[in-house]
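Both complexes below contain chain A, partnered by chain B and then by chain C.
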Partner chain A sequence: MAPASRPRRAPGGLAPDQRAELLLGALVCGVLLLVLALVVFVFREAWPSFARNGLRWFGPGGNPDQQIEAIFTSSDLLRKPVYTFHAWPIVWGTLLCTVGAVCLSFVAALFVAVFVVEFAPEWIRRVLEPVVRLLASVPSVIFGLLGVLVLVPFVGRHVITNDARRSVAYVVSLSGYSLLAGVVILSLMISPLMIAVFSDGLRAVPRGWLEGSLGLGINRWRTFWKIGVRTARPALVAGTVLATARALGETVMLAMVTGGVSFAPNPADGLIFFVEPTRPLAATILQTAEELTSSPMRHTIFAMAAVLLFSAALLSLAGWAAKQPMRKYGARP
Partner chain B sequence: MSAVAPPAARRVRESSASWRWSDRLGLAFAWALGLLFLAVTAAIVIYMLVQGIRYVRPELFVTHPAAGVSERASGGFLDPLLGTVIVAVMAMAIAFPLGLGIGVWLSEYGSPSWLARLTESTIEMLAGSPSIVFALFGTLIFEQGALAFLSRTNDGVVYGRSFFAAAAMLSLIALPLIVANVREGLQAIPGHVREASYAVGKTRIATTRRVLLPAARPSVVTGAMLGVGRIIGDTAIIVVLLGATLRFNGASSVPLLGTLRGTGSTLTTFVYENAPTGEIDQPEKAFAAGFVLLLMVLALNVAVDVAARRGRRWR
Partner chain C sequence: MTTRTTALLGVVAALAVPIAAPAASHAATVFGSGSSAMQPYFDALAAGYKKVDRHATFVYNPDGGNAGARDVQQGKSAFALQTRPPLPSDSGLSYSKLFLDGLCVAVNPANSLRGLSIGQVRDIFLGNVTAWQQVGSNLNAPISAFGRNSTAGLYTFFQSAVLDGATQATNVTQLDTDGEVAVAVARNQAGIGYVGLASSGPGSGVKRLKLGGQPCQASAIKTLKYPLSRYGWIVLPARHPNRTATRFADWVRTSYAAGQIIAKAGAVPAFNATHPPKKPKKRARKRT
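What follows is the complex of A and B.
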């Protein structure tokens, strides 16, 4: 790939080409250092909170909202800083929102992707593809606004019965701001991402494999389901990982529609479980970000951010692992 | 990938009447979900457009927002609109050269290979990280004394929230998109184009600048547009790092620099604060601002489509 003739020397003794390579390399190293600094700084700020709570940080016990209040006020008046924080309701809310939305949108996105790639008539395909891209780029605050003004009142009025409201009134008030609203809108937000990745994967399935099956007299649905979808498995994993990362980091929409109280929805409540409010990690950070001025609170907030960052890193590792078999077949994800 | 395979010849439609019921159910399910997806998107867009047209008034664009208790008293969204533009321009001014450089390095140089692999996975991790984490990181950096000139200071305490801080962190969320698109565009150019350029004695950097980048321009433009879309759609970073004050709240009386060192808001935070869960709670204003934001995103989408169509000749 090297150019045939050495170009004229620049005054500095380096050829312009070498200089450009060094410059770009320095740029890359700079960004890498910045990201390294990000990780180090966040974990360093987070450490006191983890150190004082140990693994119980993730455990249940007490109400995180009250704990946050206590941590925040403890920095005033030179009192002893309080660090007690048991984030289980928040972590549980994050898990519920993420897993719920990912499961829901996985099924939907898989069928829609199969439909787009194989079964949709030409005109629907031509409409659906830009629509998917559009939906993927709608800002989350607009989803949040629609959730707050349309879905939440609907849930509050028509899904939650008065009996249900009364039955849990002594624990939590049901108003429509709920896990259900969060999961539904979140899955609407992440499914375009999944559809895009899934349909790229499905399109890359060699035509001959499908035609071989069709030639044996297997019908089109079965052929595509058994051969197309199975061949595209790495793409399915990659898309799911990407969407999970997005769901995990979704902040504003969830802060708006899930209710803003750190309550752990209890599956034992039956169907009411779905309409109970909660608040995931990212939304908690957003709503407590004004309290960064208090130093124990700051460590607690950074601890939540560190958990998010760690999960994101794990997910991108999983995505990388899922892509390896794809590389083997020469397909670019 | 998709463009390589020629569109399959018009298949004769096979009737599904003879299929097993489970297969027919699956097909019906796929149709239903596909149409449902279309319907939901159409409903969202049409609802936003209708609400937007109902509540958008021309004077909203030229009046400053105010903290009023009624729709009439709370003013327009001039400042948030300008804030969105300022933030987008500033963040792209950082992210675009950076992303272009990294994309070019990854595609054209990429040695040593361990560094290239490390960069790739780091950029991927950046793409997957929640923006709220960047926002918190931003508060850490910009509260350092050395960066005091970028935000307001009060008795030696650096406030750390300003347009500079927000733009710097927003550029991090646009970066992965730009890098990925630049790289993809460069890699889609056939190798013989490079070889032809080397054969006439051009260096690698000259080839990149004069031959490859112009050819990859559609991808570069696509990446930039997607980056802008991500930047103007972000809320978390703005809330934490721009202070989300309704009006521009300059740090000093120097005309431009004072504003940029001060706090402000963008359309996204305007919507966030005006939603029933926010502090101002004027849903009509929220709808109007959301409508404008959605129009901006729609325009960007169309621009991406146009850019992509132009880029097709290389495939």
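What follows is the complex of A and C.
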């Protein structure tokens, strides 16, 4: 038996494998440092706004649009900088848009994924899968244009009544630019991502488990729902986390269709609540970014960015925590 | 020199040509930014200027009038187009009037209303008047008001000229561009919005209202009788302005050709020559 040959060493004294390991390790460390630098930079820029407002930054009080105007005009000559900002309507708008869209698209995406993986005839599957992939890659501005030209006028004409408009006319204008328009289009945007991840998770369920259940005489729907979907729960969590992150950061489309007013839709208004305008955090950053050169405005904008960044980190953590109890089922995450 | 070195130099030279070529061809590219309401005029004028200087290429980013002025202050843009007069915060900038424009108040064509007073427009955009019948319209519906967000130069002008410095009400839907306001009004029977002259012309789907009895038209704007007449401004750095941008600004302000383009694009030429320059007569050759 020939002795195993030793790995060839480079002139520097390192084996090719070690070199690759070091290089990749350095690359990963570089990326981590970059992320860390990004977080530090965002929070450092955001700090003056948080420090001057405290926890009231997240609370209600006044009209944020007027506050924004006061903040950026305060950087003009001979004026004291103003930092007062109470972001509750904007934070509430972000929560509503994100949670609404994720709930709506989760149900739709789950049923579509189950259909595609288990019940769809081969020819439908061949059509559906590329369509879903195409939908996932459509730029958000196209969805925004569709919203402005089709959905917003439709909601304005056919969903909102004149009585509803009159009832809130002194506070807010119900013109079709609304939470509903934002949620519906956002659902359309994030559903393909969910469908893709859910489908992969459902396909990974071992066939033997399903066949065992079918062999016991249990019908296909019940088998797939009880075993397939249950086993694929980590994938459902992963898909939902990814889609929520996309929804949270969506900017252009929401700036185009939600009405651009920092107003907190009020559930106590009844059904009108859904057609009230709002403006989420990312859209607010986009609309106020013109004023980045004003120092207090820059700190306020970075404070909003820091909230988004923190939410995204929290979301990843929540996703990881949600997957932990599911490990006992032995399904692949 | 060895053959290998010669070959290497040849390859380097061959690679250098395509890398250097774009730099040379972009020598006359001038970056500008500013008002989105001024973009339709700028596009038409920049296309027309090609006949004067075919090497001049302009890239315009409509990021808002106020942002454009700041871009010039920071040296990011060679020029900015602006719809409001200079403010104390515009230090280090030189403002020049280019042409006249009107900020029109527009409604949906389904609205029978022909005109409003400045006071009525103020009441609508401050949320004091919320029903069309309160201002004598045929519509039995609440008003849907559309405007620009607070960082737009157009809003700054509207705020000072109409709202007396007050902030527009929460019941005004705030949109990002002039075109979006026009589309929103065109698609909403109860809509009203303030838009630039170019975005409210024929084909835009909106109807311009008379303000204080004066139509939002070139004739009333040129004589400054229309209350929301305003100048379109070019903003250049006070020191060392870009030569191409300066020449372009002079051409826009004074030339007959630019005046024709401005009028065609929907604005009103203010300082342009009214007659085309006379062509120099050719001398008749004496026959010998």
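Structural remarks
Here is the rule we go by: the second predicted complex is superposed on the first by the 288 of 333 C-alpha atoms of A that agree within 3 Å, B and C clash if a C-alpha of one lies under 4 Å from a C-alpha of the other, contacts with A are read in each partner's own complex, and residues count from 1 in each chain.
Keep in mind that, in the parts below, a contact is a pair of C-beta atoms (placed from the backbone, for glycine too) under 8 Å apart; a residue touches a chain by one contact, two chains touch by 3 or more.
What you are looking at is a predicted structure, and each value in this text was computed from that prediction instead of being measured.
When the two complexes are overlaid on their common chain A, residue A:149 makes contact with chain B and with chain C alike. When the two structures are aligned on the shared chain, A:184 is found in touch with neither chain B nor chain C. Legend: residue contacts after superposition of the two complexes on their common chain; A:200 is shown touching chain B, with no touch to chain C. Shared-chain residue A:315: touches chain B; no touch with chain C. The larger set of touched chain A residues comes from B, when the choice is between chain B and chain C. Look at A:263: by the touch rule set out above, it reaches chain C but stays clear of chain B. After overlaying the two complexes on the shared chain, residue contacts for A:68 are found with chain C alone; chain B is out of touch. Once the two complexes are overlaid on the shared chain, A:90 sits clear of chain B and of chain C alike. Chain A residues in contact with chain B (one complex) as well as with chain C (other complex) are 148-149, 255-256, 260.
Within the complex, the chain C residues that touch chain A are 63-64, 66-67, 70, 73-74, 87-89, 91, 127, 130-131, 140-146, 149-152, 167, 170-176, 180, 183-184, 187-188, 190-191. The touching residues of chain A, when paired with chain B in their complex, are 1-5, 7, 15-17, 20-21, 23-25, 27-29, 31-32, 35, 38, 41-42, 45, 108, 111-112, 114-116, 119-120, 124, 127-128, 130-135, 137-142, 144-146, 148-150, 188, 191, 195, 200, 203-204, 207, 219-222, 225, 242, 245-246, 248-252, 255-256, 260, 282, 285-286, 289, 292, 301-302, 305, 308-309, 312-313, 315-316, 319-320, 331-332.
On the side of chain B, the complex with chain A involves touching residues 1-2, 5, 8, 14, 16, 18-20, 23-24, 26-27, 29-31, 33-34, 37-38, 40-42, 44-45, 47-48, 98, 101-102, 104-106, 109, 115, 118-119, 121-122, 124-137, 139-141, 175, 194, 198-199, 201-206, 226, 229-230, 232-236, 239-240, 268, 271-272, 275-277, 283, 286-287, 290, 293-294, 297-298, 300-301, 304-305.
Those residues of chain A lying in contact with chain C across their complex are 63, 65-66, 68-69, 72, 75-78, 148-149, 152-153, 156, 162, 165-166, 169-177, 255-256, 259-261, 263, 277, 287-288, 290-291, 293.
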